[in-house]
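Same chain, two partners: subunit A is paired with subunit B first, then with subunit C.
Let's turn to the complex of A and B:
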């Protein structure tokens, strides 16, 4: 029946078992996050100062406090498969105010690293990788910028790889060493064909 | 020889005999000193080694069988045994029996820290018939098994070293006899807040002369600034002022307000404390009478206040009310006595004229120093608020309508600057929405705030919420909290009541506060962690439940009394659970918040505990001092006197004896620090229990690894 289309599926979803079981936790995840982020990710006491400080939270479903909770409990799958992981702007307001002196931004960064190992990453992040590989910049210069720079008395291109393209090779060497470009190309191709 | 005498005495009588022995101590000690200095031992040392498992505390981290086997090979060891809990009655019986059966001359217990059980094992040694100072402890728990929990081999080796070193000393230990000194029947209490007042009242009720010293102009402390108290909602002044009046009236309490501790000398039973009476500029009626001014002295009439041209903020009212350069903080001060603030007084003399014939004001007054002798001391130096402006995100001192908890108390108090009407500092309007920020600066590990829980902020914020609901119809309190810690008697019930009255509780620590520059209202930003939604609530006023910290002068005062403090500045108790009022300095006790944050009931309980503890040595009349003093071997002393100036306790002097100049030790003053003994060029100073041969033997035992 067209009128009930989608309802049974939605109801099924609502009635799913959402309890937390011991199996859901991976203590290794907590340790890995702590090691990569180099901050006391396991010490969060859920006061909410981070989300209260977060410029992303009022505009999106991103809740940094929830990721901190997942770090404490080792909820690896839940953390790494949540698309919200990629909504952090890395402004570090949470890190400035956290009363437990944790750096929540770095916890998010470590989770992004772990997610990337599982090929979980939005394509726009990979396109940034490709842009850096080809130009040395995540956001390469464009004509509008060039005109604006000229207007305020700056050179058309900044004194970076834009002005000295011979150094792009060095950046490429670094990215190749970590196989970042190859992985980016591979995943983009898989997703976009 | 002394030992033989003792073994024949019955156990029950040993105690009595010890106190009788006090008189001939010196003679006996000298004899021993001479004997040891000549390095002849009259009897071969027979040391018993007793190894404690401490359940699994020690046994779980090292191979005790190997340790025991090793101990049997150490020179001078006559007997080795082990027991699961050496400190238990059966454990002590093992020591007792072994001393008798093996004719031991020294006892080594390898167990915990001497701070914990040295007294226990000394008693066991004594009950076994040996002098209690023939006991030595090898710490294989705190300094070994607990810190090397995962290094079985290393901890076993270290335990062997510790036992070998202890045996080396135990073999050379001598009989020592504690010295009893009389205790002055007086006590001093520093700080006259509710803790200090309660302690002073208890001590005086027990018949002890008590000096109560307060740095402020009036007694009463923080509690006198509060409007009401949780959870009973008693008016704070109403329950406190009777106590203040009692303190003022009690003949056994001598009150020193506007005074501070200047210097402390001596030891338990005999402290010499110098009190600095800061120049007050006003004399009491008694002082006037002593000066021969009939009917003179300050009677608190206040005639001086009106003509005074200087206006300053009143600290008691958190700077929200003016006062003059000659002032009383509030009408209920005890003693009712004006004080001159010299930093702002211009010495115009108008107050002197107004005072007239009473001649109470002396603009040339100087600080005075009073010396008192006391047996015990109680520190009750209290707290102050953490300067919450350091947490810049909440805008205290930047936004007018952000205030702290004590400012709220004054604003809601009927005798406060607004007559009890809570108003916004920016425009005098009555607020309709008031935010309370809990854990403001507490539970903060950033290094800016305080890592501890300040313990009473949850409850006073609940009380504040109640007060605004009661006083301002339609006003809603919003409490931003992480946890509501309502742990005390009837506290959780109070939480229930306040929630029922309509207070809103939002579980989220406040991230930041922004001010609307036009309305001066405040946007409180946080995360409602239970709804999982970031929130921005507009409040008319915000009260920060600021963390507390030790009062400013605490550190200086504690150093004078030789009391330690923890990392965050709170004074350190002798044991956090079993001796919370005592300190590691004998005769000095702690009361109230100076030891750590406490609400009023806990503060009063702590004060009564401290008063009880401080009265024990006084009622006993005498205390035993550890016999660790220095002694002079007259034959070796050249009378150079170099040690006399080195002694930090002024315990040494040069005297004429048999036609020669030699040094003499005042034993009660000597703390056994060893400065003189280490320095003496002729080796003429013998440090009891830490004598050079004993320490050298320990070092040799360690360095030579047991090979002689």
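Let's turn to the complex of A and C:
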């Protein structure tokens, strides 16, 4: 161990690459990420341009390069249970700068899709689903805004599902097809009672 | 061309935050575009795009199907879509693009749409109004300049481009190549200058507002910290106002400044206006017509400079 000679034992251990030999590497995870993201994470050579471009990186422990590695090595549990997975603002700066022409943001999105299949999801995402199920809008109208709309010569409700609620049924059918509302209700109830 | 005879017609896709939080964006877009020969026709029964951060994260298949429903509504009107929000652009434009080019996705979506007697055909295109304003094929900077009756002279305005109109640029298709520069674009500055105002450059202009991807709902302090960094840079450059082309970014910077005051104890009092609102002002609409009193941060200091 000449390379780490004189280092404290803890650092010496840290410097050793143990990840490759972990039992929880799941090759299916790599394939699933590729299928959902439609981008080639395995082309990543870990240059770190993505993390360097990331607005979330300087203010958290979120490192998109790490998630890229997890995608390639099939480290499913490590990726999906990391709360940092939800700190990507999807700004796509990493995608525009990636020298390997990968879209790392879409790798994150695919991992979030896979996390949701295991009920791993922040509740605010589900509340947007519930709002859309009942009104068609993620950010619905309110009385203050209705009055303001009227004052500036607009209809009190916009000509969307708000003015034509008969269209909401179609939206509910789409969401029910994927059982999204039922799952959202169940998970929100489990978390918030 | 007479003022009433519109040269171009689009189905106007509203989204959520513009009509339900900043209705001035809706009315200004309709009126200002009409003066420029573009008629925006209501897209009856449209819903949330759906929110690309929330829905894209949960299940991309639902995201595709929900966006496709909005696209089909416009297909039935035989009209291209125009919209005012970068987030909506990501959902509506990108899903349209993906469905047109991927048969497997299109078949999957149509299987679901069949349940509500709809079919996605891929017959229309999707445009952001900022794109229509900049592109000579539709309007162009010169015509925007000619339509100004109340030039915003003396106002120093910083531009926030937002992310999802132009990024990821390898997937976008603009008629004007200039719009694909996502490192240091200046086309919005050209539009701001056309209104008589002075565009202001600032550090790290292309940084995200921090709200997207569900982060604003998941970790508000984290999201605000990103917006705060931009606000510091914009204030340093001496801007009188910030303009955006995305109501969600606008919410993050406008209402966000109040939250930043509460959480971080700093205030900027920087007015934040959608470009449609600026255009409305420059074409002679009053602040009352634009509902500017609904903004979290008072636009008074800025209005005193330009009115």
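Going forward, the second predicted complex is superposed on the first by the 152 of 193 C-alpha atoms of A that agree within 3 Å, B and C clash if a C-alpha of one lies under 4 Å from a C-alpha of the other, contacts with A are read in each partner's own complex, and residues count from 1 in each chain.
Convention: a residue touches a chain if its C-beta (ideal position, glycine included) is under 8 Å from a C-beta of that chain, and two chains touch if they have at least 3 such contacts.
In this text, all values refer to a predicted model and were calculated from it rather than measured experimentally.
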Overlay on subunit A: subunit C relative to subunit B, clash or fit: fit
First, second, both or neither for A:170, with subunit B first and subunit C second: second
First, second, both or neither for A:101, with subunit B first and subunit C second: both
Winner by number of subunit A residues touched, once subunit B and subunit C are compared: C
Which superposed partner A:81 touches (first subunit B, second subunit C, both, neither): neither
Touching partner for A:63 - first (subunit B), second (subunit C), both, neither: first
Where subunit B and subunit C come nearest after superposition, their Cα distance in Å: 5
Subunit A positions touched by subunit B in one structure and by subunit C in the second: 101
Residues on subunit B engaged by subunit A in the complex (per definition of touch): 393, 439, 443-447, 449, 482, 507-512, 525-529, 532, 534-536
Touching residues on subunit C, where the partner in the complex is subunit A: 14, 16-17, 19-21, 23-24, 26-27, 42-48, 50-62, 65-66, 69, 112-113, 115-116, 118, 163-164, 167-171, 182-183, 206-208, 210-215, 217-219, 222-223, 225-226, 229, 288-291, 293-294
Residues of subunit A touching subunit B in the complex: 45-54, 57-58, 63, 65-66, 97-101
Contacting residues of subunit A [partner subunit C, same complex]: 36, 55-56, 59-60, 86-93, 95-96, 101, 103, 105, 109-110, 112-113, 116, 121-122, 124-129, 132, 136-142, 144-145, 148-149, 151-154, 158-164, 166-171, 173-175, 177-178, 180
